[in-house]
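You will see two complexes here that share subunit A, one where it goes with subunit B and one where it goes with subunit C.
== the complex of A and B ==
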């Protein structure tokens, strides 16, 4: 246990705050499910309510909002009022950003820390963006799937849409996927970068890009076949580029049967085989093959595959596989 | 019995001899869940009493200081608790109701909307929580709460948050996200203030949040330049920011359902979503037997009790977008271990087992997963998920007709308002379609698939604001 620093002097005992009368929270109601606040929090929020009501925007308000935010980073009104104060005072944005570096790191699960950064970056402009990518990378190294952090990164890239910012993304994704190829956030980010945010210099040849992505995702499937993130990426990639599922039938079939005893000698980059530890047949591959058969209007074979999923390989989704059979039969 | 199927077919989620952080935390979770598996000899029971004690304790003794971060979500604490009571079939005494009403009204902002507490800025999320809590405890007339909601200012508050791409900020200087839009649409629907002006472009925005996986993300990016003016608004690309996620998917889908009456009729301008992809994503979120059939919120994440509602509950909305398994079902009945009246697309029985065996904290309240604490949020969403797994409410043409026959003409935009009223209230449960694991004592109330209120509470508040008398149901409905 680390020693907690003693709580700061209450605002009610600070001479520099003597001109402000704190505002109580409830005036009439006797609240249900009251929160048992600490004295420090009760004191600080009483003063916050008072300055919001008087409309004061000053340096001491920045200190007060920071204090409240540190006690409760989800206090969105404190954030909102802080932002308005920063703008009204023309407060140095680099100073605010430095504080945010500390707070985002501490409270990385709250919406507000990320949104406040975004507001500041919009004020500063492109010059803040490069540094921000570095900062996000650092946060994602400790919390690989943080939803806010990933969407913040995507916003930053799309908002500035600057070639220089986009340039390092594929390498960054590689780092994240290499660390954990099951990180779905990283796969989603790849889809966003490669397909959903326009075409960047050097990537105009879309057929080449599709081939590159197919190789990439197949390689990752071969390393760990039962990885829903990679299969979803593969489906998304074919769908987005309007390619039939049957484009990759030979690859999929390598994963729908039990693992062969001996590995093949010839390495085929289009059809990388499962590694020796693979647990086969792979449910995602069987599902994929069934979808290929349905696409080819071979309903009988699709039904056999769905049946094996429903009765054997993926029984929790029995209802869904039966629905797929019924749906295919009703066409 | 059901439980034996689980133990005999239980395999760990494959690691392919390639462990990563994801597979390691997954394996740890499976290990914990193994300790909680249902057994054939002991059917799981819903510990209603300890849960009630947990909820009452929160009300009377207050929330411990670890709830301090909920200072900006006080209407939520009330809604979670009150709605949990409703799902558990517990009514409230008049004094408690009045205290809740008075408290909620102090959270209403003078400029419209509700804040997370008194004198906090208005925000879409607490606005939903406050209005839904008022639907449970409020009533018409003086001090009843309902007539103190300033609907005109509410509307103006909503319009002040509107963005050129059809989305809404959750609050001034704040983010756009599908949860906020869901909250806004629920409130506007319940209070009869939803208009074509308010929701113009919103369906396009929602559609743009569907990701390649099929679920919905928090938001999408409409601008490809640092100059966010309407002139730079692009119809495409509008990429989703963030991956498909259970909470956002429920909110996106429920919003999509509420927006149906407002969709343009011409196909060239009509936004669309990929329904098959959505269904696939939803079913993929159900964990396998080793995960006890609980739901996860994202691909390759862990199961968590709250997704019982966000994902499990989303299945209850599929009928409203034209996905109805019975309409394509084959008549052959299989020799399943229980009478198969279940036309759901997910495993309702397994979800109930997850909630009952892993979701319940022995000391009362429900939770994400063992060994976590119970909290107010998970208590409600586990219970609502349990409700969604027990009951199947779907749009009923006979109920719709009853409501239409009783409809009286009040106010403007009659046709549209009537459609919204009927669409919202025509949900009913067909007799004999409930599936309660562990016996009738485990039964909880049905909850409305869009609003997460009981049908009775929804009817009461909508009847009030639309100026309608709700006709008696002629068949047994919950």
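== the complex of A and C ==
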């Protein structure tokens, strides 16, 4: 893997390209931030400009655009021309997808690879979507928080909005959350699937869904109390369903102070206690309790909690906690 | 006792100046966004107040000429290319074709850069620009980077809104539809994602908040939305002083701007703790600022870090040396347009349609 393969034969020396005259890039004498191109790149893009100019759409153009894309995956014009060539040639889309599997993996952080996939999937239709979910899962196994990959999944699900596609999402999220309890992308995806994307068959009983989600998020907080993603999910869940924060006061209080050892043996599904060795008090719980007290107009207690955040537990946000005190006092 | 570090102004100016002169082959991916690289480099010099000392009149004239060379006209209106990368030498004077037209994000950065270079904007095709933005807007209210092709996300909405704001002419685009799109990007966490239903992230959140405030300054957010956004943003500040872009991620220098400017837009700048120590730790010893300590610097993180420092200049202890104190002095920054106060004043005086009698027909 350390040795780079030698550059391919320049297009200018390939007999099969002898009918094309490359077109040099226009560049003024005093360019801004010029790029010192490699000879290989200059050669390939010279031919790309030429075929774009002549309007040629052929198999060799697919090879050429692939070459340019491998050298510069952000070359959006090469991608655009490639896509239009694929369409014009009626090129087998499964072949193109196989190539894209390799390129997306390689250039994970480039917009264009995902955009091209999206265009292909829209051409193929629903039959491509199941395979795509599998592919995304595989990519996320290597880079669990990759933004483009998660966005692509959200787009895919929303675009097809197909019961069959949605069906496996909660299991998939479970896998991701179990691998890393603090993967905010996975928590976000759960919120999208459960609340933000409409009500699906079997999920019409929203009270049941809310109960299920409360149990889920509380269990995960009990496993790792200092997990901002889970606490944010909990806040989002209450807010979205217009439930008061005080819905979960008994649960939150378990996390605001070290627990007597005996209390840990009581099994209560609605109020799972923090596990052994949990770092308490949990900052997010103290904050949550302060918000509950503010909601209940118990400003004195809220202030005491905010004070402890400002002075000891979360000093980087001292100014914020003091602002919260002032706000609550001014009402 | 550790003393306050010095901010290496000269080193950072040197870093961006080197990039303006040329980028190595390994950075070939920058060629489809070269206009933005130019903006980050010249913007850095502008923020440091070093444009006049680090570049000559001739340099600045050449930069302006190069940017105007990228203005191109055609069936979808006028705008700026990222660079000549898709344009053959023989066709440079002709109307653009289907694959070498203007790019919406690059058009926004071109206008800002021309203002940084104090261009008179007499050559700006304003009518063409309005037509171009219209041709990029899609059904769902978002904009594609080039008409009819390419990805669309919140960045392009912000660029279109900024251009309308600079021109003081919003007639070319459907603002309510674009605002609806932004709403679909709002997340339960209080931030915004890059596209509909995506995870809240610092960059898109800045983009969304700035866009909403540009388009609807009198009623940008509900009180509840505002406090949830502040909550999420302020919780992104890490104990190191740096900001992270998403819940649970590590701090990265660029988010000092994206999150810090968002809080400024929300009128909550008093709640932010200093992030100068974190940015100081991201300085590369030979100049430039990296995303995290120990990484390679780049113009993007250099510019955004200094923009963040301009919004949140640190309180350097008085007993530090004059050299240290002076190194942390910055001018004002407009958080909505992301340019210095002076550059924004230049834009107001020269970009709006009403400021020139030389409108191309």
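Quick note on the criterion: the second predicted complex is superposed on the first by the 321 of 331 C-alpha atoms of A that agree within 3 Å, B and C clash if a C-alpha of one lies under 4 Å from a C-alpha of the other, contacts with A are read in each partner's own complex, and residues count from 1 in each chain.
Quick note on the criterion: contacts are C-beta pairs under 8 Å (C-beta built on N, C-alpha and C of every residue); 3 or more make two chains touch, one makes a residue touch a chain.
The model shown is predicted, which means the values in this text are computed figures rather than measured ones.
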| item | value |
| --- | --- |
| Clash or fit (per the criteria above) of subunit B with subunit C on subunit A | clash |
| Which of subunit B and subunit C A:106 touches, first, second, both or neither | neither |
| Contacts of A:131 with subunit B and subunit C, given as first, second, both or neither | neither |
| Touching partner for A:297 - first (subunit B), second (subunit C), both, neither | neither |
| Partner chain(s) touched by A:198 [first = subunit B, second = subunit C, both, neither] | first |
| Contacts of A:14 with subunit B and subunit C, given as first, second, both or neither | neither |
| Partner chain(s) touched by A:208 [first = subunit B, second = subunit C, both, neither] | neither |
| Subunit C versus subunit B, contacts on subunit A by residue | B |
| Which of subunit B and subunit C A:318 touches, first, second, both or neither | both |
| Steric overlap of subunit B with subunit C in the superposed model, located at which of 5-13, 23-31 or 131-139 | 131-139 |
| Contact residues of subunit A, present in both the subunit B and the subunit C interface | 23, 25-28, 30-38, 41, 45, 49, 52-53, 71-77, 80-81, 111, 115, 145, 147, 150-151, 154-155, 158, 182-185, 188, 191-192, 195-197, 227-229, 232-233, 235-236, 239-240, 316-320, 323 |
| Contact footprint of subunit A on subunit C as seen in their complex | 19-25, 27-35, 37-38, 41, 62-63, 65-67, 69, 83-92, 97-100, 145-146, 149-151, 187-189, 193-201, 228, 230, 232, 234-235, 237-239, 241, 246-249, 268, 270-273 |
| Residues of subunit B defined as touching subunit A within the complex | 5, 9, 13-18, 20-23, 58-59, 62-65, 67-74, 77-78, 81, 96, 99-100, 102-103, 105-106, 115-121, 123, 171-175, 211-213, 217-219, 221, 223-226, 237, 239-245, 279, 283-284, 286-289, 293, 298-301, 325, 328-330, 342, 344-347, 350, 376 |
| Touching residues (chain side subunit A, partner subunit B) in the complex | 23, 25-38, 41, 45, 49, 52-53, 71-77, 80-81, 83-84, 111, 115, 118-119, 122, 125-126, 144-145, 147, 150-151, 154-155, 158-161, 179-185, 187-188, 191-192, 195-198, 223-229, 232-233, 235-236, 239-240, 274-279, 282, 314-320, 322-323, 325-327, 329-330 |
| Residues of subunit A that touch subunit C when the two form their complex | 23-28, 30-38, 41, 45, 49-50, 52-53, 71-77, 80-81, 110-112, 114-115, 145, 147, 150-151, 154-155, 158, 182-185, 188-189, 191-192, 195-197, 227-229, 232-233, 235-237, 239-240, 316-320, 323 |
